[in-house]
Structures are given as C-alpha cells and as structure tokens.
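Going in written order, the chains are labelled A, B and C, and every chain counts its residues from 1.
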Amino acid sequence: MSAVLRAAWLIARKDFTIEARSREIIATATFFAVACVLVFGFSLVTEGRAPEGVAAGVLWIGIAFSGTLSLGRLFERERAHDTLRTLLLAPIERPAVYLGKLLGVIMLMSAVGALLLPFTGFLFDQAVIRSFPGLAAVILLGITGYAAVGTLFAAMLGRSRSRDVLLPVLLYPMTVPVLIAGVRATSALLEPAGSDWETARLWIGVLVAFDAVFLTLALWTFEAVMEE
Amino acid sequence: MSRRYGRVRALADVSFTCGGGEALALVGPNGAGKSTLLNLLSTLARPTAGDILYDGRRPAAWGPALRGRFGVLGHDVSLYPELSARENLIFFGRLFAAPDLESRVAGALAAAGLERRADAPVGTFSRGMRQRLAIERALLHGPDILLFDEPFTGLDESASESLVARLAAARDAGACIVFSSHDFEHAERVATRVAMIDSGRLSWLEGTGPLRERYRSAR
Amino acid sequence: MKMMMNLALLAAALMFAAAPWMIMRAPQEATMGLIQKIFYFHVPAAFVMFITAFVSGIAGGVYLFRRSARADRISAAAGELVVIFGAIVLLTGPIWARKAWGVWWQWDARLTITLVMWLIFVAFLLLRKYGGPGSETLSSAVALFGMANVPFVYWSVNIWRTVHPSTNVVPSLQPGMREAFWFCVVAYLLLYAAFLAARVKLEEQRGALDELHFEIGAD
C-alpha cells in the first residue's frame, strides 16, 4: 500500500514540476474559466444586474469546463512521448498511476477553483468570505468526484481516436450528480440571509457518497481498462 | 497466441520461446505485427487467445514484480521534454525502484554521452540524443527481459555501435532480448535468431549469410 | 436460441396488436381523459430502458474482467436498446406533460434522470462508433459507470426537483387499467428480449464472418 502511495506521489510531483516550469495548463485553464464566467455573465445579466442565485451555477460551469481542458492537456503530455505506457510498466500495482494522475488533476483544478471563487464572488456580489471554509470543502469534494471519473476516462481515451471530443461527451452526463450537488450546496452556502447549512449538508452527503463510489470503481477498473 | 483488434487480426498463432542469453530479432514490413507482439510481451496488451509464460508462470501469478524485469523501449522515447536528462532518469529510476540510483544515473548519463547536457531539458535534444537517453532509461533498473522496438532508429553510426555492444553484453550476461529492427547490419550482430513477421504470422529466417539477403529471399 | 427469439417476437407482435384494444377498454381517467392512455406506452418503455441499462452495465463489467466476446456483444446490444427505448420515453413524456402541466418539458426528477441516462448511452454509442480500435474495453467501462450512476442521478435529481407522478401510481391503478398496464409491460419486455437476442445474434454472425475472412486470408 505504501509503495502505491509513494509511486502515486512521485507521479503527481513530477506533474507538478513540469507544470511549475511551463505554467501552460494553469494559465490557459484559468483564462478559459474566466472567459466562461464572463460569457455566462453577459448572457444572464440584464439592466446591469444578474438574476438572483446564478453565481453558483456560473462558478461550477467554469470549474467543469476548465476541468475538461486540464484533463485533456495533462494526459496529452503523457501521450505525446508515450510516457503513460512506461508508467504502466512500473513494477507497482497499476492503480498507483491512476492515483498519481488524479492527484495532479485535483491540484490543477483546485488552483483554478481557488482563483475562480473570489472572481465569481466579486462579479456577482456574493458573500464568499463569510462562508469560505464551507465553500472550499464543497469545491474540493466536487472537484474530487469530477476528477475521479475524468481521470479514468481521459486515461483510457488516450489511445482512442477523436479523444478531444469524446472526453466531454462522456464526462458531462456522467458527472451530472456532482454538478447538481455542487451548485445546490454552493448556493445554499451563499444565501444572502446567511448560510443554509442544513441544505448544504444534504448535498455534501451526496458529494461524499459520489466520490467514494466512483473513486473505488475507478481504482477497481483502471488496470482492466488500460490493458489493450 | 493470437491477438485481434476489433475486426483486424494483428497476430495469428504466434508461438516461440526465448531463453536467457538469447536475442531474437523481429523483421518484417511496417504494420506486420512486430509492435503488437512487443506490446503483448510487455503485458501492456493481453492476447485474444493463448498465453505468455514467464519462467513457466502466467503474468497474473507474478503480479506487478514481473514488470520490474522488463526493459521496454517503445517506438517513442518515453521521456518528458520539460524535464532534464538527469530528472527523467531519476524519476523513472525511482518509479522502477532501481537500487543505488545515484551511481546508476551517473553511469547512464556517461553511457548516453550526455554528461555535459545532463541538466538541459530533453526537449532541446536532437533525435539521436533522445534515443540514446531513452535506451539508458529502459536499462536503468537492470532488467533481464529486454523488449526494444526499433532501437537503432535515429542513432548515428557510433551510437549504433555502442548499442550493439550494450545489447550483446546484456545478452551474454543472461538477458533475453526481443527487438524489432529494419537495420539488418546492426541487428544481425546482436541477434541469435531472426524471425520474420508478415501479416501477423511468424516464420524463422534460418541459415547463415547476410541477413539482408536471407530476408529478401524469404519475402 | 433462434426458436426462443422468434417466439418472443411473435408473442410481442401479437400483444402489440392486441394492446390498442386493451387500452381502449381500460376506463378513462377522470381528470386527464384520453391523454392518460399514453401511460401504457410511456411507463413500460421506461421500465425496459432501465432494465437494459443494467444489462449493459453488468455485461460491460463482465467483459472488462473476463474479456468474453459474448459479454461485449450483450453490452453493446443492450446499450443500443437503452437509446431506442429511451427515445420512446422521451418522446411520449412531453406529449403527456403538455396536457398535464401545460409545458413540454419540466425539470422534474424522473424526466431529468431519463434524459441523463439516455445521454450517457448515446455517448456510449458515439464512443463505440468513433473511438477506433479498443473501444469495446472503453465503452464497457462507460456502461458500468453509467449503471453505477443511476442511483446518484436519481438521488440528486430527486432532492432537486419532484413534480412527476410518483411511483405509487402503479399499485393504486384502478381495475381495468391495471390489466391493460401489465399487459403492455409484458409486451414491451418480450419485444425487448427479442430485440436483444436478434442484435446479439447479428454481432455473433458478424464475428463468425470475420473469422471466415481470416481463414481464407482475404482481409
């Protein structure tokens, strides 16, 4: 077990080093997320005001869309010089490779989320600071669920034709529960009258269960899916 | 064993053994099934029918430790262009649990002739430099089953010579080598046996004499 | 197998022929009138859709771990039928909704979950069609994940919105309606069994044809 975690950490740290050097994914994904938020802002705002309660939805659209971009690029790096196959040849249980890549995806998506949350709060005048710990937990749980499915799909699509289109086509319907739960929990926490913790807890429960089930399922199927 | 991809049969009833101290060269036209065979041998792909036994045991009985015995060089170099040569070797060395990594990395950099460029990103290297580094990466953890896909591609004459020497040394030290090549002149100096793969079928190229001639007459 | 398939198809055809008569004889529902009768098509199709989604998911799981060609054929065939029966559900639903709720579409729990499941299996078919070689493995994982997703979509959408007539409509059906309803459910199930068997058979024969192609060496 510790060998698996050590290998996963090694792979995640390698991704971190590469990203710290090029900053390519973080820069493009963040800008893309900001552009998403703006596009939705333009389409929703009338007479200078956004309708009530759209901020949470816009935030999660930004996270989900930029997440697909990050996933695609992070696995393109492994595919470009055939390095993913070498990772799979390491003498450790293969799910370690999945875990390592998952950690990298979560780190990247969290970094984008950390920038996007204050930005959305600022544009839509939301009480982000008041409910920050709750929001951070919801976003991290949502990102984990999204990345748990996304990492497996992006990894397996690596040897597929038309992988760029197929990733969002497969990923968005599959992560509908994450998006609904994330949006609902976020807007419950952002209630102008004060955070509605009762509702938020209900949705956090959905997120935790989703993360647990799909993480287990992905770890269990990873080796079989990756074998050609 | 056989392997099919959907409706295409990549390998048909291929059967052979390769013992320690043997080097098996695979020759044949592009798309004939050489890479598929190497993928199957490295357990990245699973045969549609049949089995591959390593010292008489199936991969499932071996577990992940089996992969530590493989030294695999694919058709691409499998190096991260953003990382330096040294960083690449250290990363893969740790992942493959190579013992006394520091001295091995130093030795590998020397063998690849990259000591002076060790800390430059691999993305700035020429094709030949990358290929030399990739070979060292594949050998770093001391594997005894070498599966090399076109290892001579991109190498100049002196690098090819040194690869021949390295492979011959590994072979004589008891490793089993299976490699594909279009480079008959270098391949025949490593190989103890030569197999031709055409349309997924394997046949042996027997006899002596220059490999190029044997290949021509067999086709 | 073939006998069973024809029998199921024949029975389903007869039952579908008789269904309008059964449905006509069932009493008119007080508030909804004629439009309520769509229920005899809508609900059985929804039953079958979820059954076939589970069949596809389980067969996908079996294929993933056992690599049996038969499991893959069943998973593919059942996945296609999710899209077919889902289309029936998604087309008949709005017709009823227009009358009952005054709008074509409501973001209601059961409507949304049907739409999401339908999209997952459309994605499954897209992957099989455009994914290239090796898509069988990937699509079986998608079917398995899609199946595992049912409770989550249901759960989340259920807390989110519920305006759909709840499932306890079925046990509380009036006599007359009840017989007609279960008659239609059985007819749909038989139709489903016949379709599934026919589709699996088609794939089997396609496989056999490929085999023959290999044997005579015409690729």
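What we mean here is this: a residue touches a chain if its C-beta (ideal position, glycine included) is under 8 Å from a C-beta of that chain, and two chains touch if they have at least 3 such contacts.
Please read all numbers here as calculations on a predicted model, not as lab measurements.
Central chain (C-alpha centroid nearest the global protein C-alpha centroid): A. Taking each chain's centre as the mean of its CA atoms, B is the chain most distant from chain C.
Chain A and chain C, compared by their mean Cα positions, are separated by 31 Å.
If you average the Cα atoms of chain A and of chain B, the two centres end up 37 Å apart. Chain B and chain C, compared by their mean Cα positions, are separated by 48 Å. The residues of chain A that reach two or more other chains are 227-228, listed in rising order. Residue positions 46 of chain B are each in touch with at least two other chains. Chain contacts: chain C has residues 134-135 touching two or more partner chains. Those residues of chain B that touch chain A in the shared complex are 39, 42-46, 64-68, 70, 72, 74-83, 87, 91-92, 94-97, 137. Contact residues on chain A toward chain C in their complex (touch as defined above): 149, 152-153, 156-157, 159-162, 165-166, 169-170, 172-174, 176-177, 180-181, 184, 202-203, 206, 209-210, 213-214, 217, 221, 224-225, 227-228. Per the touch definition, chain C reaches chain A in the complex via residues 64-65, 116, 119-120, 123, 126-127, 130-132, 134-135, 137-138, 141-142, 144-146, 148-149, 152-153, 155-157, 159-160. Residues 7, 10-11, 14, 17-18, 21-22, 77, 80-83, 85-94, 227-228 of chain A are the ones that touch chain B when the two sit in their complex.
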